[in-house]
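Look for subunit A in each of the two complexes below; its partner is subunit B in the first and subunit C in the second.
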Partner chain A sequence: MAKPKVGIFGITGCAGEQIVILNCEDQLMDILKILDIRSFHTALSENDEKCDLDIAFVEGAVVQPEEEILLKEIRKRSRLLIALGTCAVWGGVAAMKNEVSRERLKDEIYGPAGKIFESIPAQPLCSFVKVDFSISGCPIEKEQFLQAVASLVHGDIPILPKYAVCTECKTNENTCLLLEKGGLCLGPITVGGCDARCLSYSIPCSGCRGPVEEANVASEVEILKEKGFTLGDVHNQLRTFAAPAEALQTYFAKRGRE
Partner chain B sequence: MQIVKLPKENLDKFVGSLSKFGEIHAPIKKDENTYLFSKIEDLSKIELNYNRTILPPKKYFLPPTETIFRFSPEKGYEPPKDNLNRKYVLLGVHSCDIHGLKILDLVFSGTYVDNYYFTRRKNTSIIGVSCIPDDMCFCRSMETDFVEDGFDLFLSDMDDSYLVRIATSLGDDMVRASQSLFKEVDKEDIAEYKRKSNEMKNYFKIGLELYNLPEIMDLEYESKIWGEMGEKCLSCGTCSMVCPTCYCYDVFDELNLDGKTGERRRRWDSCLFKDHALVAGGLNFRKERSSRVKNRYFHKQRGFVAQYGRPSCVGCGRCIQSCPAKVDIVEVITKIRSVDYE
Partner chain C sequence: MKKSVVVNHLCRIEGHGGINVAIEDGKVARVEMDIFEGTRFLEALVVGRSYNEIPPILSRICAICSAVHTITSLMAVEDAFDTKISTQTELLRELLVQGGNIESHALHIFCLAVPDFLGYSGAFTLATDHPEEVKIGLGLKKLGNTVQETIGGRAVHPVNAVLGGFGKVPTKETLLRVKEELIKGLKDALVAIEFIASLEIPSFSESPTIYAALGSSAQEYSLFGDKVIFSSGDSREIKSYKELCNETVIPHSHAKHSYFKGRPFMVGALARIMLNGHKLKFEAKRTKEKLGLNSPSENILHNNTAQAIELVYSLERSIQIIDELVERGIKDEKPVKIKPKAGQGTAAVEAPRGTLYHSYTFDKEGRLTRADVITPTAQNLANIEKDFRASAERLVDEPEDSLQAKLEMVARAYDPCISCSVHLVRLTPKRTTLPLR
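Here is the complex of A and B:
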């Protein structure tokens, strides 16, 4: 069987997911045995920009009109499109101030130089194209990427855990930073798979992997308010990584009307 | 059952002597208010006056994740690399947790015996210890505040000494191997033991009323309380992870990059997870969070009673202590039982 043709692309982001892939040093040779990587700008000198692809992995959020065009071209070329990392899946840090006009943001950050390019509110890939599978994380977990590649090459849809960070935090027997230490911890509504890494180092969950399926934002906010945090504190933390997520949008739209 | 006395000054010596019966694991203090069962290398770290550990002893018999078998085209199915036959001594297990293990025994000895679980069970000796309940313990109301079997030795705290119940021949071997550390129980000890026993009921601050509970739950199947709980619950799975009797696990394959070899693994699952009741074709018979919370309560306090003759809750208080949303089983059941609650 021919090796699947693969492209690994990055739009607006930190290239963190691509670095994670390159950091799979012990597995890189095995990856090359099963994937025919045609495009990977971060790692290859010669990239095929036109060929049909079996799998496209795309990192980053859409922040410029050109990126929307590029993303749609990638979609057209690819049988499967996989969103890689929190920016691609949820909008990520680039989307945390989407309510402020792009003109104002460009002016604040770039000054006059900002006039030479266009910018649009940051959105995840799924706002523009069909996404077949998502691997969230800031950055993604190496093990989840490798599992996904193995499953995809085998012809299966990868199965990644959908439970919250709390699940893994408990199995690691960490002291609960939310209940016992009063920390602003988003573990209960953030999707796991990170083995509660930060919590194991006594750092509350900042929600970098994006919301868990059916995130109960209202209950989480009530808990944090009881711990003395303001709605503003919680909102700021929540929108750091996943502002465009429907669960957050719906909750804060409802709060806004109150 | 033979009962002997172990003066507390001899405890360390005795525990040290247990290492020839297996690797010693016991509660240690992790943080201000958190304890966990851990491998003991330094006897002074053992904390026998603890309220509850984060995870129950179930982690030793049904680990949070484990490999069930490995597979490859050349060798077919191979057993996992973990040595299931390692000997352990689990010291300092509370009565409620021993009951928890007895409940897991019932479940895993059903039609399809779980040999992974029972091999570890067989290779682990259990030394229980008495405890003073805190404000989240309701074991007395679940009839798990004392235990008559399921342990090799049980230590009852008598301030200056422990009265040691010997329940098995292995327990007897442990005591005989250090005979000089033990004394005979005298009349004063008996009086003191009775005094402490009679006092015990005064320590409990909360409890469930089990009388007619399965029927009351059936009658309140449509109660609005399940909707209210569904609003609060985060589906984070914490209650299931820390529960000494939650035994659900998910089975999945981890494929290696060659696409041919890999491992079949299992990990703890929770009926609060949305995909727990997701079946082929996309149907989910417990799609609503409220129905999942309801299911958890019904399974513990109603379904399990029908199947095994007792609730599968042992009143350890872990779910009360660790639920981020403060969902409290005693409160929920008390509400359901209340005549005024509509």
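Here is the complex of A and C:
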């Protein structure tokens, strides 16, 4: 079987996913054996910008018009497009206040120099192109990436957890930070896959992987209010990593009508 | 005759950047840093957020420097609220920062710089002829990550380092295991130093340079300090960072340029070695002698050499920190309680690429009203322009492709961030599409 032709691309983010890929030090050479990496600017100096690809891994959110064009070009070239990381999947930290005008932000930070470039509210890839598969996390978990690569090479679509961080936390028999310690923990509404990483350090989950399917945001908010958190703080936390996500948008839309 | 070099992919500060060099009639007509980044406005977006949300959000500025961003951010918040942390926390934080330094320097030296000096296109091609060196490089990179994972709970965007301390303090056994690996890593690094010592460093990029780094009255070399010192003999309080990062908005660039007393300056490993190198001890000191950085250098290509020295230093220092922690007896401390109040806090730490500043103002509830982050690459931009000009002036007669290759080396020496420094220069008259990274 021919090796799948692969491109690894970064739009706007912190390059966290590309760093995680390079952090697979023990597997890097093997990855090169099973994938025909045609484009990976972080690691290769010769990149094919035109060829058709079997798989495109794309990291980062879209924050300027040129990036939308770039993303559509990648989509056109590639059989599968896989969103890597919370920025690509949900918009990420850059999307936390999309209601604030970009013109105002530009002016605040750059003054007159801000005039020379365009900026749009940060959006996940799926706002512009069809995404075949998503691996979230800020950053992604190395093992999930490696498993995904293994499945894809065999022609399978990878399987990722559909349960919440909360489930993983219980399996690990941690003390519940939310119910027993009154921490602002988003574990119940955040999609698992990190093995409840933060909770094993007694740090509440800040939701860096984005919402789990059918997340009950309203009931999470009620619990947090009972624990004494202000609505403002809870809303801020909800908006940190995945503000454009449907579950959160729906919640905020309802809230607005109340 | 006209020549132009368009560097499409210089550095990620918060996005993409490049350099434009135009040569007309045998003279360097124009050298411009061109930043066309996709900006994420993170400093503006955190306004209104509660103090404890700031460090994890602002660590997302950069993945490869996320450990030092986190620590600097924690220190700036604690500075604003006059929080005193334990010595154990200080040591663990330093260990995390050293882990980041090991990872970043190993990656840069073995995957970017060495291939450059030997004329390879990257680490993967270098691996065919020099598999041992690449293996050592990847091993050291992994070791830096092990340190970051052990202390920070994650190699990228650490979760365990929080305000006032750590979520969970690593056990003595875990630390001693890491120490064993560090001892082995140090041996490997010293082998690799022999190889690095054999590389020839070209001098085309030499030009008078002002260096800046954190300094202190302590006897030991450190990535921390209480003031900013300059090779011109000046020094400044960290709190008055605005004076030295006197940022000017440049019309051709989305980024702001930093000048000290009207002149560009360089921050990074080379600046640190130039200013504080006399404080190095043990193998790091011997490495500095071996690699010939005992006398002042004004050649940015020596930044790679300086990183190699620091790699040895960070390994040795990490071992030392673990010994110190174990000797003091590891206490299972809970993070110190934070008492927010209105005020301003500023902190600076030496990141792999140079001095990193975080400065915040909070209201009395501890909500952020202003955030200011100055990254090393932002400070270096003006100096990069200076070095590009100096090099281009010496190389005007070279054919475009060799000029291009050499200018790429200059840019890479700054280690502006891996993702953008691999594919730097494209000889196209004009940038048409956004470069990938």
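We take it that the second predicted complex is superposed on the first by the 258 of 258 C-alpha atoms of A that agree within 3 Å, B and C clash if a C-alpha of one lies under 4 Å from a C-alpha of the other, contacts with A are read in each partner's own complex, and residues count from 1 in each chain.
Heads up, the rule we're going with is that a contact is a pair of C-beta atoms (placed from the backbone, for glycine too) under 8 Å apart; a residue touches a chain by one contact, two chains touch by 3 or more.
Since the model is a prediction, treat every value here as computed from it, not as a measurement.
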| item | value |
| --- | --- |
| Superposition on subunit A - do subunit B and subunit C clash or fit | fit |
| Subunit C, subunit A and subunit B - angle at the middle CA centre, rounded to the nearest 10 degrees | 110 |
| First (subunit B), second (subunit C), both or neither touched by A:Ile157 | neither |
| Touching partner for A:Cys51 - first (subunit B), second (subunit C), both, neither | neither |
| Partner chain in contact with A:Glu66 - subunit B first, subunit C second, else both or neither | second |
| Which of subunit B and subunit C A:Leu231 touches, first, second, both or neither | neither |
| Comparison of subunit B and subunit C by subunit A residues contacted | C |
| Partner chain in contact with A:Cys138 - subunit B first, subunit C second, else both or neither | second |
| Contacts of A:Ile31 with subunit B and subunit C, given as first, second, both or neither | first |
| Distance in angstrom between the closest Cα atoms of subunit C and subunit B, superposition on A | 13 |
| Overlap of the subunit B and subunit C footprints on subunit A, listed as residue numbers | none |
| Residues on subunit C engaged by subunit A in the complex (per definition of touch) | 9, 12, 15, 36-45, 48-50, 53, 56-57, 60-64, 66, 107, 111, 121-124, 127, 138-139, 141-142, 145, 153-157, 159-160, 162, 166-168, 249-251, 253-254, 256, 417-420, 422-423, 433-437 |
| Subunit C contact footprint on subunit A (complex, rising order) | 9-16, 18-20, 22-23, 25-26, 28-29, 32, 39, 41-47, 49, 60-61, 63-64, 66-67, 69-70, 92-94, 96-97, 100, 102, 105-106, 108-114, 116-117, 119, 122, 138-139, 197-198, 200-203, 206, 208, 233, 236-237, 240 |
| Residues of subunit B touching subunit A in the complex | 30-34, 36, 53-55, 59, 64-65, 231-238, 241-242, 252, 254-259, 262, 268, 270, 273-275, 289, 321-322, 324-326 |
| Touch list for subunit A against partner subunit B, complex | 27, 30-31, 33-34, 146-147, 149-151, 153-154, 156, 159, 162-164, 166-167, 170-171, 173-176, 178-180, 187-189, 212-214, 216, 218-220, 222-223 |
